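Following are the structures in question.
Look at the two complexes coming up: subunit A is in both, with subunit B in one and subunit C in the other.
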Partner chain A sequence: MKKIKKKKGITSLEMKLFPYLLILPNLFIFAAFIAVPALFGAYFSLNKWSGMSAPVFVGLDNYVRAFHDVKFWQSFGRTLVYVLISLPFIMGIPLFLANLMIKEIRAKGMFRALFYWPSMISYIIVGISFKFMFGDNTGIINYLLSLMGKAKVEWLTQGTTAMFVVILATIWARTGFYMVTYISGLQSIPLSYYEAAEVDGASPIQGFFKITLPLLKPTTFLVLILSFIDLFKAYGLVLALTKGGPGTSTKFVVQYIYEAAFDGKREMGYASALSMILLVVMATFTLLQFKANKGGEIE
Partner chain B sequence: MKKILSLTLVFTLILAMSVGCSSGNAPSQAGSDGSAHESSPAGSAESSAEPGEKVVLDMLWFADGAETEAMQHIIDDYQALNPNVQINLLEVPYDEMTNKIMMSVVGGEPPALARTTESILSACYDATLDLAEYVDDIDGVLAQFMPSIHNYFVINDKVTALPTDVTANGMIYNKTAFDKAGVTVPATPDDIWTWDEFVTALEKVKADGGVQFGMVIDNPSHRWSTMLYQFGGHFLGEDGPAFNSPETIQALTFTKELFDKEIVPKSTWLGGEDPNNMFRSGQVAVHLSGNWMLTNYRDNIKDFEWGVTYMPKAKNRSSTPGGKQLAAFGGSGVEKEAVDFILYATSQEANAKYCVESLFLSPRLDNAKLDYPFGKEHFEVFANELEHTVPDASFDWGYPDFAGVARTPQNEGMYEMIAGNITPEDHAANMEKVLEELYQ
Partner chain C sequence: MNMKTRSNWLTYTVVIFLAALFLFPIFWIVLSSFKSGSEMFRFPPTFLPEKFTLDNYRNAFQKGNFGRYFFNSALVSVLSTILTVIINTMAGYAFAKYKFKGSNVLFIFFIATLMLPLEVLMIPIFHVVKFFKMYNTFAGIIIPPAATPTGVFLLRQYFLSVPNELIESARVDGASETRIFFSIMLPIAKPAMSVLAIFSFMWRWNDFMWPLLVIRDVDKYTVQLALANFSGQFSVDWNSLIAMSVVSVIPVLIVFLLFQKQFVQGMVTSGMKE
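Then we have the complex of A and B:
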């Protein structure tokens, strides 16, 4: 008599374990490159350490010094100005473009690719490219102005114009990425809602404010958090474009921390304390945004 | 099947993690790139190579011009004499050099050798070997090099490296623009301009020579310090900072006027525009830089003629000396071989070959006259600038930790002064406070 082999199903234990197994590689990467270094950072923040000699435990001295470090808080203030000015543009322009890109227009794919392209370019390359464009004496824009008989603009040697160029470069570099995020959010809104609204006599603008924006809230919240953190960490683009100048006009907080650690006196312990403060401030802002937006839930 | 699959997955992951985590426990080897060294495990005090066994030395290297090829020739010669030694040149951008050395040392895999400057040594001298412990007659070796640059590599009585070349800050000018404007540069040290005469000449070249600007200065720290020494100022004294002096304030005020009159473009210091590029593109009459730019300009300037001229004087004539060295690091496991190579590379014959090929000035007293294939007249000007350099210059830049402590505040203070946010007096006073830290 032929035995029929009983097919064994997946046990409940396997069902529980399997998702954890799948996130294990990412967990390993997260632990190796983020969590463990962060723990080391927390430890070094309590030490005086140049990176070469043995760390010397100094307790909270680095934190006390940081709270009295005027230059650190000035760079923090500049970063905040940069974030607050850039954020509305970095959220608004991609949303506007995403609205256009979901409509049935000619060469839609080409436009999507064109707008997305800059976000694939390294920040360093973006910075160098904008420097080629906005350089006072070697930039294309001033050259074109001179051909038109106009006076050259000191784009990168005046604090205000340099900040403007940095913000412009940031918006150009990040718009494509957030546009794609918004497109996926917009495409998940059922068309029937708009059709029903149209039947009820709602205008397109009313449709946008009454249907699109409320239903897009989870995506908007995601873009808000991602762009906020991204902007606060700005470093590569600014370094390549202005090196934090003129003077310290565009020196943001991450550059200040980097210089504390790797330039000049190489105060790794102090720089670690500054990083911890930045971490706490960013976590607090994110938490406040989370609370204010109710975690991006649709009401 | 699914169970087998999931078990295989778990096993693979655990294996991968354990391999990843255990790499730190594997016997580490000398060198910084993880390359296999059949001998000398890290941590051994000196070479553990058996006779005839292959020894591999990693040398971290940065380059300004043609010196990589020249050093490779020295390495080839050394390897021919020592077949059991292999030296790998690992190129690192200059800006990353200090960090690369520090990270290698902290990571327990220090390089056997590294090319250094006084700034790099100022940050890393704790990790270098004291060559005095490896060389019997270290005083005899040191006596072979220019005494004025000893404090660039002898730090706190530790011989941290030996010099391969010496640099002199100086002025490279756009000969075509000067000729067009009918301005003749000083031909001998007897004809040297004062700074006021020099500015008048630059204004004429700017007006009639087809250039937009009179001069560019590489940076507000090392390169600008040349002007400071010429005006009679300096950063440090024996017992404390000496920056806040009438001479310094005069140098600062004069510098600010150069920017305000648009003789020097603000965009180079404030807007990040590259002085080299501006000079190379023919927009500027004079570049205050140094002899290391010669190969770069020889290879890249095709549109106009250029030359080297004597720098103007104020109270003094002076350049700011600099240079590059070779250092060896403790814990590489190949210390003896590394020191042996340094001694070879800085010996008279090898160093002469290296300097001639690279178009560098030799730091060796017995290599003062070298037969350069290009620009002999340029080297004579730079050598003359070095001869007339005030002792304060090498005292400042060779002072332990000076570059690390002073460079960033000096740069930022100068930027603020040029932008008009602070006065020269403010900057001098601010720097004086910064420099006090060096004496604590």
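Then we have the complex of A and C:
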């Protein structure tokens, strides 16, 4: 490297400039559409602003108002309920499937593909499909229930059951993606560990708890972080499936913020403050998980 | 042996049962899409279509203007994917193979953008898009989402595995940096670039938030935006909606079948999150 620099002045200048040119387009987009908006968002949150006339600086008023906004915190609580109920399933079922899918079974590729399929379908289509299947009067699920001698359930017109369907749809839509993530983690565990354990007389279940789980920690941590953020910002799926209803029983925090900003009164400043709160909460949770898991390191 | 066969049977039973459970929604939607208007809502429902019909599909394209949305989605997804692959490969290469002032800080900045999902920035982004005169244009859903931290990271990791000697010897031979990038590095990076292309296409095709924020005219709706709107209407035209849903999954399905191995083996998939 040094030699070349000394020999050719042009090359060294080119070598200095070229990397900047390479990152320039990405950098510009990140700066313009993420960094600058983040700063603007923080600024907007200190203003009363409808997006049309000039913003009026109001200091922390929006935050004070947000603090007392019962409906906001209710939607926040609902989101938490949704996240906390979904998380164990969204981490457990893919792990279970991944363990089945690394066994020596026939048509492994086909089965993996089948389980992966739903995660390629957009949240909108997932929402539409579940809305169709869980229809009150003509939905297939109610028909299957009636075959088993059970009464019809008004799935999407009752709060609790609507939440149940939303969670079910989420699990269905995300399992394949996390299954594949787990598979790549499982594949990195040397088979010899299991063989040695088998020689020592350990059962497969012991092997799972004593070998698989500890060594899989980085992957589990990755799945935890990714699914947590993904669940917390859920919007499209709910919009297509329940529109946040019935009433507000499945209205989550992103929908609440979107409606505050873009529907009706268009309170851009206030909605920005709510966004900031959401951002801080999500970042805090992520950091806490990082700390608790020591970044997913294997001890 | 006996125990092994039994546990094998158990595995197959569980796998097949779960697979059936997972496939059922897709299966049911596809079957329903071929049923006539009234048959779709008969109770008790028919399993297979009594009279196999393509009416739902015909209506969706003729009355529903679905072809237009489909075209918009295809255009946006393809162009955005091309842009993504080009600029993310460039950035990934720079971070892997050059030591330049601020490279660490910039790399951390790139990765940190993962922590700022569109959902928490929708209000300021909406105004920035307006500022750049991209509101209600395709450019507004092609350009901003094209820079992805995941893509940069993926390509960087890939280029890190390419030996430096390759570059050094090309330099000794007098090749310019530009030339090294285009004629030596790009061909080597093809596998990683195609993985990124696959995922990028899927992200853009399935994306709902960007179009929701940026697009206003119904003429410019993407498939996802159109379907979300239709499903939210007071009286839903289920026949067209179900047919459109089925068609909307086909492009992603084709991409998947073409590149099934990359998808399912989990080679690069871990953490492939937008």
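Just so we're on the same page, the second predicted complex is superposed on the first by the 259 of 299 C-alpha atoms of A that agree within 3 Å, B and C clash if a C-alpha of one lies under 4 Å from a C-alpha of the other, contacts with A are read in each partner's own complex, and residues count from 1 in each chain.
By our rule, a contact is a pair of C-beta atoms (placed from the backbone, for glycine too) under 8 Å apart; a residue touches a chain by one contact, two chains touch by 3 or more.
Computed from a prediction, not measured in an experiment: that's the story for all the values here.
Q: For the overlaid complexes, name the partner, subunit B or subunit C, with more touching residues on subunit A.
A: C
Q: Touch test for A:Leu288: subunit B only (first), subunit C only (second), both, or neither?
A: The answer is neither, since A:Leu288 touches no partner chain.
Q: Once the structures are superposed on A, label A:Thr248 by its partner contacts, choosing first (subunit B), second (subunit C), both or neither.
A: In the superposition, A:Thr248 contacts subunit B only.
Q: Once the shared chain is lined up, is A:Ala196 touching subunit B (first), subunit C (second), both, or neither of them?
A: In the superposition, A:Ala196 contacts neither subunit B nor subunit C.
Q: Is A:Asp263 touching the first partner subunit B, the second partner subunit C, both, or neither of them?
A: Only subunit B is touched by A:Asp263; subunit C is not.
Q: Quick one: classify A:Thr138 as touching subunit B (first), subunit C (second), both or neither.
A: both
Q: Who does A:Val81 touch here: subunit B (first), subunit C (second), both, or neither?
A: A:Val81 sits against neither subunit B nor subunit C.
Q: So, A:Glu154: does it touch subunit B (first), subunit C (second), both, or neither?
A: First partner only, subunit B.
Q: Scan A:Ala32 for contacts with subunit B and subunit C and give back first, second, both or neither.
A: Touch status of A:Ala32: both partners.
Q: Is A:Val64 contacted by the first partner subunit B, the second partner subunit C, both or neither?
A: neither
Q: State which residues of subunit A lie in both footprints, the one left by subunit B and the one left by subunit C.
A: Residues 14, 18, 25, 32, 51, 131, 137-138, 243, 262, which sit in both footprints.
Q: Hey, which residues of subunit C end up touching subunit A in the complex?
A: 8, 11-12, 14-15, 18-19, 22-23, 25-26, 28-29, 32, 40-45, 86-88, 90-91, 93-95, 98, 100, 103, 106, 109-110, 113, 115-117, 119-129, 132, 143-144, 146-147, 152, 168, 171-172, 176-178, 181, 202, 205-209, 224, 227-228, 231-232, 238, 241-242, 245, 248-249, 252-253, 256, 260, 263-267, 269-271, 273
Q: For subunit A, which residues count as touching subunit C in their complex?
A: Per the touch definition, subunit A meets subunit C at residues 1, 4, 11, 14-16, 18-20, 22-23, 25-27, 29-30, 32-41, 44, 51, 97, 100, 103, 105, 109, 111-118, 120-125, 127-133, 137-138, 140, 143, 146, 172, 175-177, 180-181, 183-185, 187, 219, 222, 226, 229-230, 233, 235-236, 239-240, 243, 254, 257-258, 261-262, 268, 271-272, 275-276, 278-279, 282-283, 286.
Q: Residue numbers of subunit B touching subunit A in their complex, please.
A: Listed in rising order, the residues of subunit B that touch subunit A are 2-3, 6, 9-10, 13, 16-17, 20, 98-99, 102, 105-106, 123-124, 126-127, 212-213, 265-267, 269-273, 277-278, 281, 283, 401, 404-405, 407-409, 412, 415-416, 419, 421.
Q: For the complex, give me every residue of subunit A touching subunit B.
A: That would be residues 8, 10, 14, 17-18, 21, 24-25, 28, 32, 51-53, 131, 135-138, 154-157, 159, 162, 241-243, 245-248, 259, 262-266 of subunit A.
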